[in-house]
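Look at the two complexes coming up: subunit A is in both, with subunit B in one and subunit C in the other.
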Partner chain A sequence: MAFKRTPQTFNCSMNEVTFGTGEKAVTIGGENVYPLYTFDGEIKNKVAIGVEITDNGFDASVPGIAEFYAGCEGMAAIAKRASEMPGASFVVLTLEGADPNGQNKSIEECAAIAKEVADAIDCPLAVQGCKNIEKDTELFSKVAELCAGKNILIVSARQEDYKTVAASAVMAYGQKMSAESAVDINLAKQLNVLISQMGIAAENCVQNVGSAAAGYGFEYVASTLDRVVGAALTQNDGMLQMPIVTPVGGESWVVKESTASEEDVPEWGSREERGIEMEVSTAAACIIGGSNAVFMRHPEAVKTIANLVNALM
Partner chain B sequence: MKYTAIFKVEGGGDVKCHAEPGENILEIAQKAGVKIDVPCGGNGTCGKCKMRIMSGSLSYDKGSGQLSDDEFEDNWRLACQATMEADVMLWIPAAASDYISGIVTSGLRTPEELKKYNEMLDELFTHDLKKGVQEKGYGIAVDIGTTTNAVTLLDLQTGTILSRGTVGNGQIRYGADVINRIIQQGRPGGRDRLQKAVLEETLIPLFEKEIKAAGIDPMEITRIVIAGNTTMEHLLVKANGDSIRLMPFQPEFLEHEPMKASELRLPVNPDAKVILAPNVGSYVGGDITAGVLSALLWDKEEMSLFIDLGTNGELVFGNKDYMLTCACSAGPAFEGGDISCGMRASRGAIDSCVIHRQTLMPLVTTINKGRPAGMCGSGLIDVIAELYKVGAIDAKGKFIREDKRIRDDGYGDKEYVLFYADESATGRDIFISESDIDNFIRAKGAIFSAARTMLKSVDMHVTDIDRIVIAGGIGSGINMENAMLIGMLPKADLSKYSYIGNSSLTGACAMLISDDATEKVYDIAHNMTYIELSTEPGYMDEFSAACFIPHTDSTLFE
Partner chain C sequence: MALKGIDIFKLTPKKNCKECGSPTCMAFAMKVAQGSADISACPYMSDEAKAQLSEATAPPMKTIKVGAGECEHTLGGETVLYRHEATFVQRPLFGVCLCSDCVDEKLENTLKVDYERIGEREYVEVLYLIYKGDKDAYLELVKKSMGKGRLLVLDCKDADAAAAALEVCGADKPILNGATPENYQAMSELASKCGVVLGVGAADLDALYDTVAALEAAGNKNLILDVTGADAKESLSNAVQVRRAALKNQDRTFGYPSIVNLAKLAKDDLHTQVALASVFILKYASIIVMQEMTYATALPLYGLRQNIFTDPQKPMRVEPGIYPLNGADENAPCAVTTDFALTYFLVSGELERSGVPVNLLISDGGGYSVLTSWAAGKFSAGTIDKFLKEQDIEGKIKSRTLIIPGKVAVLKGELEEKLPGWEIKISPNEASGLVKFMKDL
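Up next, the complex of A and B:
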């Protein structure tokens, strides 16, 4: 008997979320097939790539990155250059300097940088905090206020601060938010439930279900992504249908493969190449798992992933 | 050189004793016979042994978070963290020692329990079990609980109850839960101490009291049946309990040969036969096998779920053809442990509560109508369900409403005040904090996920349950609707639920008056499949899904 292929499409889909304004606004999610399963049905929106910069600029220790931003003076110029990186469609600003255990920059200073970046680019902006809950809570409120009207994506709200982020960023200033949980489908869903119980509509929230560099416990990320996408599509679980965003650059550029110097491990070869490979393999693995957007740093890695996305979607 | 310590017990007398510098206050008090409730076993984590310095001083390590700065300034100390450094006079509030006098528990006392008891016996003996042992005389059924012990004195031929009583388990000062007790029995002389605590301090005085109340000759008592969890049975006969808590969790014995009363120094006929209800595994013991007999799971086509709520939650699922059982560690939250203002079900315990939607004013009932002193398990269920209903907490148990009754404890933890100091029996605020709610959510999550995991192992679902039987001392006042609302018990029609009180004691009574019933309990024990949840791969996942109000999968409660 001849093989008859049955397309596996679902009667439900991931939510669609749009951030940014104007022509370059980015929409992610919306698919009703498994990740990359174009043979089953159309994938409504391609995976989007965000270029990650920080309030301190960029990682000048990596030659390819330093070269890309060569000649940029000030955050506005760096942001503008990042927005032009081939293959990327939005900019991610990580306010790492706000960390009270680090540079401890003031809320005002950080928010002003966010505003400067938002004004300098014509593509959407996502803003990441410093991972200190208390500082981030205040920081996000201020950033949301200063960037009012820009429809930015706040990354991210956790169980401890989702109320404030939802109230200040989404309800008060119409921004979008991301719900962050630590590689556990139950925790992911619980946070999504809490956020929707606040009255946050589906089109205003994405989820970050956790990430890790490839080889660093990524199997947990992979199984979480699989289960989230599986429950969202096969069980029509509305509390897991938020599009998935995954920060990749911050994970893959801090592991030893990307940081060990060539003097220390000459047999490993070029540090930059290793870093790019870590970033590419991590991002690719996240996309296979179902991420609708990834945050990346290196122009070469961004280009590679953009090619992959264009070839497969 | 020795110092003098004087304990002034609220509502009791003064106790004076001498102690060396550096001696622990809690130990001094216990040695002197001052009864203090120590659910945590003296680790400084439960905050139940608070005492106030009236004069003199104590050497104190103020590391514990269970004492606020205000309390410290006000001369309150945790006895377990304090040592002697001078002569001292200490005031002990009634709440610290109340557990001994006032525990209200199911010992076939309430009309509801008696009715159940009679129904159960009637039904039991309409089956193939014959009533009556061959011997004449009297017998005593005993339920040794981790917290409370209950006995019933019966006429062996008629089954008539002549007297009954309960008392707190004297082992409690060695820790509130079985794990702490097992650790204690492993110390030098530990097994002797623990056996002495449950016999000399607990059962023997209780036996004497009940025999006197019944007005019979102790020599006429010829049969004793004892049901307890596996650990309690081990400690009773001085068997080594270590293997209960160590891999691969195989107890020293499951079934114990009948003994003579003289071996346990019980004040009855020295030749009286002492029968221990058989255990099924390390955490499913004779209290459950006896309980299942009285819950009548074994004679029905329909699928029943039996839940014994306590520090350890034990669950049995099945019908006349097969039975599964498992145990989960719910922690002491149902009995008020690990809860700032939690307490056992004794005088003054809030056992039910309604909270006003707008004002958040609580309307409560307390046990014995005392001034509110704290919350017991059933009260906690209500308080949390009500806080959720009025939108004061979110599904994670975090406060999301602002109100004058909801305050910050200064460390980022919020708490809801039910009663202010001037309204309470303890002279301190009665409140529930986010971490209390979290502890409770874990306890209820443990029970519910155990039920789900056990059912899943036979590819069944909570909707397949025809009948749910709740047992345990905590259960008497449970508002089942609230318990379902917070996802502690499976969603089911209220008519499917029944509460049978102390099923273990009822089962022990049946074993006392019928050899057939005793046989049946052995049958039940042999036919139960024991599921060790700690090695069940899906359990942790189920548990984290259940730690939410009502559940991460809310369709289970729709």
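Up next, the complex of A and C:
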């Protein structure tokens, strides 16, 4: 008696969203099987990897990252180099310097950097804010305006500012947006409902359902991803079928495992290796959970995850 | 197929004798159907009926015991495909593969990775011993690996060499991973004779299925499935389909724990092995074998494993106590929060990022977050006061500044009354505001 295979395919699928323009535009989503379950059915689009840089450039404290960007003067050169990182298909610019509790750079200055980056690269761009809602709301509007025609991805619109982001970024300037909620399927759905009620079409919105580094409450991320993908596919829940993007680099490189110095914990070995493995592990766990795109930092980690995606999809 | 309570009821004596502990036979039958009572509790059911029922009500995935003494572990027994449906039960074990050529340099480094994370010991539980054709060298390898407190897995398809190895280490109850469609009869006899679990592998799922069925027919149900395929893609496919067949489609032939060897799938590429191990932690491996284990690979993998294998109904807790951060001494201010692991990680992470020395006080909030434990009365001025006294904070720390979470700002007045001499400060509502708050303190 042979083994009876029972593939799980569904009559519905995740939405497809394309950002960027031209040949290098990136399309994510569209699958009608569980993440990486190629044995159940063909998966339409590969998981995409975005390379994260900030308005301050890159993390020069990590030798491998510093080496990768060696010789780059100015944001345009850094962005160009990031866009060429093997395995990645788009660039993520995090405007951390806008934070009023940090460097407090002006809206104009940050938006100009976004414009400079967008012009310097020929692949798609995603822009993350500084996590300060008030500042981000204004910042995203300005960035969307200056980058008009580039079809960039604005990350993210939250419960508090989704209206402005949807109205300015998507409706006025034709960009794409990401709806961000904190590791809870109900919050994710509620926000997606509100955004769709504003008339934002399915092809213009992705979702970020929350993120954490491996070991730091990742069970919430894993279960939220499982439940969102499950509801999207098994119940054909149109309000959860947005493709999923997950910022990984920012989470992975701030935890103790990736930051503790070699003097403080000699038995742990190279700090850089620890950071790479943390980023790799977190990204892989997100992808098997259902992330259609991940944002990452280290060239070695990006290469590894690109290989994983190629090997499994 | 799972049996309904009513089907089980038909086989009971229907005399409501209460000897099983349930008020009626019907109630007993419902409990058995749910899995909360065992059929053997009924003294009057015929042996025939019991046999029929214990087969039908048996769990879809077997629970297998491996190893002996301090390296005894339990594998399998899972009931769901997704942890939010109930919980994952047995966290996967990690192994490192050793061969006679590399054991001397690798074994010592492997044993070095051994630490504690939120109350659990994290180390390489399994030594995976690969047979390379030289029996004497293999026996040497087995001897060197014994007595280290680790479960041994013999990767050996040669019945003669396996028998010799089991003579040496059989008492430690290793796993004999070596049965194939070609040799399974001899291997099964050997494993049964020594009372060890037999690992079964095959070129594809059909051959694996047939081999397991043949082993079961021969009476050996003490098995583990080697799902390692030709490449990563096939291995993931195997791992998922095996588990799905058992749990979703109630096909008990595949209702066994599984083992996957990543050293074979991504030889010499440790980064890719970490990526794959992360995938297999979530997707159903019971033993994950790596080429090597360093702190760099262990820290994220064990952290991820601990996260995924927590019971969603029981929050992860950290030990209450004083946690000095950024080199805090007795003069550094105190910040208090609850023992919910996620709260602890977020708060301690942000406090560390601020670079400001601070004594983080973790009080017993029943494992809940700040607001939840406050609402449950487990994080109040009274409990904080009690905690400070129990831990003798006033004796251990000279600073008299106590920072409380913004979400329980209402406690300030009451705390000032209970803790004379202390200055109570209120931190921001969200941990993300802590860096600035601490710098401005």
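Note that the second predicted complex is superposed on the first by the 312 of 313 C-alpha atoms of A that agree within 3 Å, B and C clash if a C-alpha of one lies under 4 Å from a C-alpha of the other, contacts with A are read in each partner's own complex, and residues count from 1 in each chain.
Keep in mind that, in the parts below, a residue touches a chain if its C-beta (ideal position, glycine included) is under 8 Å from a C-beta of that chain, and two chains touch if they have at least 3 such contacts.
Every value quoted in this text rests on a predicted model; they were computed, and no experiment measured them.
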| item | value |
| --- | --- |
| Side-by-side fit of subunit B and subunit C on subunit A, or clash | fit |
| First, second, both or neither for A:312, with subunit B first and subunit C second | second |
| Subunit C, subunit A and subunit B - angle at the middle CA centre, rounded to the nearest 10 degrees | 70 |
| First (subunit B), second (subunit C), both or neither touched by A:125 | neither |
| Partner chain in contact with A:197 - subunit B first, subunit C second, else both or neither | first |
| Subunit C versus subunit B, contacts on subunit A by residue | C |
| Touched partner set for A:284, first subunit B, second subunit C, both or neither | second |
| Touching partner for A:274 - first (subunit B), second (subunit C), both, neither | second |
| Touching partner for A:163 - first (subunit B), second (subunit C), both, neither | first |
| Touching partner for A:62 - first (subunit B), second (subunit C), both, neither | neither |
| First (subunit B), second (subunit C), both or neither touched by A:48 | neither |
| Shortest span in Å between Cα atoms of subunit B and of subunit C, once chain A is used as the common reference | 7 |
| Doubly contacted residues of subunit A, that is, touched by subunit B and again by subunit C | none |
| Footprint of subunit C on subunit A - complex, ascending | 1-6, 8, 36-39, 101-102, 131, 213-220, 222-223, 226-227, 230, 254-257, 259, 267-270, 273-274, 276-278, 280-285, 287-289, 300-301, 303-305, 307-308, 311-312 |
| Subunit A-touching residues of subunit C, taken from the complex the two chains share | 82-84, 112, 117, 205-206, 208-210, 213, 231-233, 236-237, 240-241, 244-245, 248-249, 251, 253-254, 269, 271-272, 274-279, 281-283, 294-297, 299-304, 306-308, 310, 312, 341-342, 345-346, 349, 352-353, 432-433, 435-436 |
| In the complex with subunit B, residue positions of subunit A that touch it | 159, 163, 184, 186-187, 189-190, 193-194, 197 |
| Residues of subunit B that touch subunit A when the two form their complex | 394-396, 398, 400, 541, 544-545, 547-548, 552, 554 |
